[in-house]
Amino acid sequence: MNAHDPSMHGRTDDGIAVGDVLLHVDNISLSFGGVKAITDVSFDVRKGEVRAIIGPNGAGKTSMLNVINGFYHPQEGTISFRGEKRRKMKPYQAASSGISRTFQNVALFAGMSTLDNIMAGRTLKMHKNFFWQMWRHGPALQEEIEHRKVVEEIIDFLEIEHIRKEPVGTLPYGLQKRVELGRALAAEPDLLLLDEPMAGMNLEEKEDMSRFIIEVNQQFGTTIALIEHDMGVVMDLADRVMVLDYGKKIGDGLPEEVQANQDVIDAYLGVAH
Amino acid sequence: MELLNQIFIEPFQTMYALPDLLLQTLWEGFVAGTLYSLIALGFVLIFKASGVFNFAQGIMVVFAALVLVGVHALGVNAYLAVLITLGVMALLAMTVVRVVLKPLVNQPDIILFMATIGLTYILIAGGQLVFGGEPKAMITEELGLPTGSSDWEVGGGIVIFQHIDIAAAVIAVILIAGLAIFFNKTRVGRALRAVADDHQAALSVGISLEYIWMVVWFAAGVVALTAGIMWAAKSDVSFALQVVALKALPVLVLGGFTSIPGAIIGGLIIGLGEKVFELYWGSTILGGGTEAWFAFIIALLFLLYRPEGLFGEKLIERI
Amino acid sequence: MFYREAGQFKTTYEADSAKFPIFQDKVFIWLYLAIGFIAIPLFGSQFFLDAIMIPFLVLALAAVGLNILTGYTGQISLGTGAFMGVGAYACYKLTLAMPDVNIILLIVASGIFSALAGVFFGLPSLRIKGFYLVVTTLAAQFFLEWAFIRFPWLYNYNPSGAIEVPQREAFGVIVTGAAASSEARYLVVLSVVVIMTWFASNILSGRIGRSWMMIRDMDIAAELMGVRPLYAKLSAFAVSSFYCGVAGALMVFIWQGAAEVEIFDYNRSFQVLFMVILGGLGSLLGCFLGAAVIFIFPIVMHHALPPIWETLTPWTMNSSQADLVAAVIIGVMIVAFLILEPHGLARLWAIFKQKLRVWPFPY
């Protein structure tokens, strides 16, 4: 993948300069029946940064990502993405507005090959209609090949050429995570949500994944919001960190600030309530 | 206008004018409903314990009845034939669990479901091969089941209660109560509920999945035999029953796949609904024969409105 | 040795994404087509064409339809028979209304009606999954079956309640009715099936087919990648039912020549489902392999088993018993395949080809 390829920079004409607010989450509350998953949380993500969301298990981190990309509908609060305010939206609308993500428990299309999985990420970019597809030869094939080129660049970038045609169900976990990142990248997102991209990985795999995340962020300028448990990784990668505990925001700021925050230390080490 | 009249006015006029007809229909619907409930109950037992959507449950009803009649035809005493049939059902349960379910543990649900369709085919063809395909009469009298009927005068007409229907309802109630006690009060029952909740956790506390599955498949076999006897006593033992048995599926949709009370209430709703609809609306407006699809269409409409069933809980999807 | 890809390098993405990337496969597919279009009509007996090839192709087309829905999109359907029926009745009404129009055109057009029926009964799939869908497709099966009987207009008030196929021509050749030759009918079916299978394989390898598979493998992730479940599922229902509808029309007009409702009952739905399971969920080749086994095996058993049985054992056996034995064996095969090779015959074929590639070495 070429760092100067403008197509990988996301939308360049959205009028949001690097450092301005890209996503704004306002007073979100989410509950399931009587269980409150998120209580009145606000935060923002600025264009071009790596934003980390941390917190103990069950703190509502994944729920937060689910809210951002429209999978859960919060009872209260609004979300503005690129200046557009919304509260309820369908996941595919989030996808088409430029939000893409990976999942905590790998959610690849297990019956498809690596290539097809990453091609799947290009779904929204492909437009040839049913009848062209039926004929295939001609415009539909042309389109398919154009997108294949982009996908091959991603495959090169993630160093997964050798598993291009393997069904993803048979791949080891670390590679699956990588394919999943590739699929999310294929959508050329403005905002990339990563849900524990390094969970269950060994040190070497973690280093690889960190390298990919940094490159995606720095070379292509993709804004990233990630959830991670490995504090070392978070402190190294993130520009700013938000901390959730029991669905409430207990800290937000630069990594060093959060690290020094007494509430955060209590939440992680546990204090008598 | 004529149509509106046929839909909204005439049926109720008929109900009012001929209360005996209405009562008779309701009773027949109730009896049919009990049988649907019984078949659905077999589904629920297996689904709860093993997560298997047992498409063969309907065929097990026919198969059990067929074995019973077939064994009796060899000259075996009726009650002994029931015991032998129970033995066959136990053997079937063991075979299915050992040969089909165990190798398919952890496969996607759809694969298990299709395996039970294959099982259906085996039971249909195998049953016919061994016992012959022609319809047979149920050995109602030999089993000591009542065959007469009682009349009851209502509003100038009479309502007929077949004794076998009354017996069917009573036996269904006893069976359901018995199962409820078995699953709530016994050790095996507790183990079963544990398995239903979480396979892995149940395994980790030393419950044998294989054993529990055999128990539920056998229990479903007992329920099937009961339903088979009752049903065949009203018509005949024939493979045409398999179509009727499929109506347990819409019952499940109404009641929810894991709820025993749901299966019972769903069965009654379908049973009553299709008889009443056929008599007052189906036969007058649609030319009859609506019983073939009424249950399924109701289930379809119901699914659009409440996909989780009457008693099912709303599922929160996680990712 | 002969089946090697060594030395065949792909230099374009187009070549790499071709359907038959290996040269030998290309040769074979043309060979098969030549056998199908030239050798079989020339040398096949009338029985072979009428009783084996035509039904086999028609059922394979229905299996392609069901496989699109079940194998590629992951939505189980037990309504195949009814959707085939919609196609057949639609074709009958169309050709009565327009007797001079090329019948092949009408057969294909009748698929549109079954596609509409498929979309209607597929609507619940937007809110429900898996087993619940079995119930709604059974609703389609039983309701439509009933409708085929209750509305005499559909079979033109024929007192027998059956469709009687009129004589129709295509390109100046009689292809339906009693006067049509086996060869003509066979070639019509073969052409329709080959072209439609080719279209299906094109769709499946493009964006739309991929979105179906995304829904099948992980519907939530698919939605988060921008697939709209409404479009994906309903288009799968539409395309699948279209194929089933065309198969139904071919079944009545070309294969059977007359039809009663019974040929569209739920046993038909099961028969096609078995073809898909045995052949391989998510494989077009599997549809043909499955159709061959499920349709042809019972015919072989019907004729061959009783004499064999009676020579080997002292007991007698009639052909209807042989049918039952065949049915038991098919049931056992279904279960055995699900346990041993859930991807069916198509996967076995792929494994065999893989072995052939490396032969004479084991790996």
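All chains are identified by letter, namely A, B and C, in their written order; residue positions are counted from 1 within each chain.
In the analysis below, a contact is a pair of C-beta atoms (placed from the backbone, for glycine too) under 8 Å apart; a residue touches a chain by one contact, two chains touch by 3 or more.
Quick caveat: nothing in here was measured; it's all calculated off a predicted structure.
Asker: Would you mind checking which chain's mean C-alpha position lies nearest the centre of all protein C-alpha atoms?
Answerer: Per-chain C-alpha centroids compared to the overall one single out C.
Asker: Name the chain whose C-alpha centroid is most distant from the C-alpha centroid of subunit A.
Answerer: Result for max centroid distance from subunit A is chain B.
Asker: Approximately how many whole Å separate the CA-defined centres of subunit A and subunit C?
Answerer: About 41 Å separates the centre of subunit A from that of subunit C.
Asker: Please compute the C-alpha centroid of subunit B, do the same for subunit C, then give the distance between them in whole Å.
Answerer: Each chain reduced to its C-alpha mean, subunit B and subunit C end up 32 Å apart.
Asker: Cα centroid separation between subunit A and subunit B, in whole Å?
Answerer: Averaging C-alpha atoms per chain gives centres 48 Å apart.
Asker: Residues of subunit C that contact two or more other chains, please.
Answerer: Residues 220-221 of subunit C touch two or more partner chains.
Asker: Provide the list of subunit A residues touching at least two other chains, using ranges where the numbers run on.
Answerer: Residue numbers touching two or more other chains: 71, 103, 107.
Asker: Which residue numbers or ranges of subunit B touch two or more of the other chains?
Answerer: Touching at least two other chains: 317, 319.
Asker: Quick check: in the complex, which residue numbers of subunit C touch subunit B?
Answerer: Listed in rising order, the residues of subunit C that touch subunit B are 74, 76, 121, 123-124, 127-128, 130-132, 134-136, 138-139, 141-143, 145-146, 149-150, 220-221, 266, 270, 273-274, 277, 320-321, 324-325, 327-328, 330-335, 338-339, 342.
Asker: In their shared complex, at which residues does subunit B touch subunit C?
Answerer: My answer: residues 53, 99-100, 103-104, 107, 109-111, 113-115, 117-126, 128-129, 133, 243, 246, 249-250, 252-253, 257, 286-287, 289-290, 292-293, 296-297, 299-300, 303-304, 307, 317, 319.
Asker: In the complex of these two chains, what residues of subunit A are touching subunit C?
Answerer: 69, 71, 90-92, 94-96, 100-101, 103, 107-112, 116, 119-121, 123-124, 126, 128, 130, 133-136, 140-141, 144-145, 148-149, 152, 183, 187
Asker: Write out the stretch or stretches of subunit C touching subunit A in their complex.
Answerer: Going through subunit C, the ones touching subunit A are 12-14, 17, 199, 202-203, 205-211, 213-214, 216-218, 220-229, 235, 282.
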